[in-house]
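Below, each structure is written out as structure tokens.
In what comes next, subunit A is part of two complexes: it sits with subunit B in the first one and with subunit C in the second one.
The block that comes next holds the complex of A and B.
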């Protein structure tokens, strides 16, 4: 009987330690030697936020910059020309944009859960695209606001109020943000436990956000991301059966997931792995959420034939 | 008839050019070869059944009142459309800010879809958005 709990602890640890090698190069437009700056290499946690890298990136690239005195709040990152949103954790960005194959269940997943090739990103110090990105500040206040509001939104979904997160003590709130900045499980876990186990109530809905590739209405050449979220109760209202990945997708994205048991046209990806449809959604929310409490799930269309 | 942004009465005008989050080439290759029924399923999945949703705006603290509080808004609009509308209605100056909160709890990101928020957080079929001239519920 220890196995289930052990397995959960192991899974939690694997997700917490999941990381992606990054190779970050300076945009040619910002580089005084055009394309000859050194790349910045780092192994960075999937759960964490790229914005936390900015101070290090700035000092690394400062000697290569055409305008070394540009304001730090103009900094942004892109992949293949697409600006990377600050509020998306690295793992979500990677699952959405890298085009890499996810890990599949059954055997082969264990061997190849870490990508060996670095993900090649570009850093820019000018021309922040404000239609896509929020301007960050040097103190990190805006990043914190983005994070904490996602925490609150998840809390509201789980409990139907924002009471649990809003009644956290000042120390607990500070500790939560410190756990993000330092990527420290021992700081994160106790606060997360408080959020997931509110006094005197049981959870109502499970915070999942689904990211779909989509075709913009008027422009055929560009693809975009469409975000969908729904009210997903812990159990099916009809049968009180446990909500699984499959039943939730069938409820929220019915045309893509007409079956609750088999994924035909599309598959859900979380933390780089294809989710089996039979997985309990509540278990995922408790064991492998992102730091803001959400399950950010990328929906990937399957190759046919 | 030309569409005037002021001709609203009871609706919040659409932002005709909301920035969509682009997708990379690496991730969009497969979409070109999708069979038509899969493309259709992809487009329809997760869409709201209603085109327009109702938003209720209420002032927080010393924020000015609006004469009208209930508005219709296209469900495919981003949350930033509500903030833009409020800035104009309240004649907020360039250097000033408006802070908006759903159900007096959280401030959605500017790019969150109004329809998705309405589906998850509506009360009596209205998405209740409070606005303040300085940060509230920090």
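The block that comes next holds the complex of A and C.
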């Protein structure tokens, strides 16, 4: 019989290994030969950041570029015209925009494997849309900064102070960012352990962030996203009952989740799977967060045309 | 007025009270200042924040210029309101500050950006240091964190990139500024603007203190 510890380790590994095939093509506007460049194909981890692909993409496409000497910090990626935010991990972007069916819990629908069709993205080397995307720098400092800010905020929520991150040694901080860049579990895991279970503290709040398709009225770019977060305590203040996905969604996003047990209007999606509302949120925070410690949950409306 | 219950954190009702106090002060004393163009407490279904608009001088203001401006105001005292109105209309380029209560940190966080009809000042480091951070704060801002104390992030409500000051140091700064005293929500916000705003060019106009 598998113990729950084994099961957790297995789940953690599955999430770590989750990946999506990408087919990245050069935007026609940047292509010397209009639309005849080769596509860049890669199987890329869900937990990782597309910005880490920039150096490779740049050297791959350089011979096709109209302006090969354009600055690398003008690079950006899009899917069907939607600029993809650098600080969102690939898995979140895929769950938000790809339109592919998420996996359902066993029994509810047939099981689904990782996608076999590549997700088709476009790379641009000019006209970075600064109203949507942050301009990165060649050394990757902005990406690192965005990542660390999220790590700090998650730490603050979990422990009520930011001391765990602040007190990491220089080596540990460096190792954490290296583990992200190289997507290397053996580097990531020891630091993650320190962050998730610091001595002498107990879990206080759960770092969960929700991403919704925005309402048409405040929507200029047609596919923009609204980000929602609230202060979600470990247990329900009324009953001391442990927080489930359903109780947390009901607290933070009541209009879309009027029931704590049944997803009527919308569904929460994490790592490509629909989350059952009865799942313990603490377990998810401990076992399946993204690399920055957050549960970045895409909200999918059930009745959207 | 009641004191902040769990300083250095501030609760949502306390934050709202603080914002409304500042708004009242602005309405009452607006005619005595020309630094801020607008103060508003924006609240709709999914967002509540304090919005402050200030004109951006495209050529950097040196301390000398500031003095000059005050003199002008004094000379044309009779026509003071007209002058303020005039200043307001002539500035196309606006610095917009949003003070938002962080749901995680339970302290106010400063987000800011430049509104320009011609989009000449995109949210980049270059814009930040050439047009926003006052000279005396430059070294201090640049020396902390991975890319400095002011960084870029998506605005929590518009989801567009804006500048912001990460709140991880806010509580210790507030504690150091207040010492062992207690603060009302109004005093808290004034203290916070004094402690966090300067490096972003946000200063509480003295006239608003009554």
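Quick notes on this one:
Keep in mind that, in the parts below, the second predicted complex is superposed on the first by the 289 of 305 C-alpha atoms of A that agree within 3 Å, B and C clash if a C-alpha of one lies under 4 Å from a C-alpha of the other, contacts with A are read in each partner's own complex, and residues count from 1 in each chain.
We take it that contacts are C-beta pairs under 8 Å (C-beta built on N, C-alpha and C of every residue); 3 or more make two chains touch, one makes a residue touch a chain.
None of the values given here were measured: they were computed from a predicted structure.
Annotation: superposed three-chain arrangement on subunit A; subunit B versus subunit C shows a clash.
By the document's definition of touching, of the two partners only subunit B reaches A:96; subunit C does not.
In the superposed model, A:142 makes contact with subunit C only, not with subunit B. By the touch criterion stated above, A:162 is placed in contact with subunit B and with subunit C alike. Of the two partners subunit B and subunit C, more residues of subunit A are touched by B. In the superposed pair of complexes, A:66 makes contact with neither subunit B nor subunit C. Across the superposed pair, subunit B and subunit C both touch subunit A at residues 85, 87, 131-132, 134, 145-146, 149, 152-153, 156-157, 162, 166, 205, 214, 224-231. Those residues of subunit C whose C-beta lies close enough to touch subunit A in the complex are 46, 103-106, 119, 122-124, 145-147, 151-154, 156, 159-161, 166, 168. Within the complex formed with subunit B, the residues of subunit A that make contact are 79-82, 85, 87, 96-99, 131-132, 134, 145-146, 149-150, 152-153, 155-157, 161-162, 166, 205, 210, 212-216, 222-231, 252-257, 265-266, 300-301, 303-304.
Put simply, subunit B touches subunit A in their complex at residues 19-31, 33-35, 38-46, 102-113, 116, 119-121, 137. Contact residues on subunit A toward subunit C in their complex (touch as defined above): 85, 87, 130-135, 137, 141-142, 144-146, 148-149, 152-153, 156-157, 162, 166, 205, 207, 214, 224-231.
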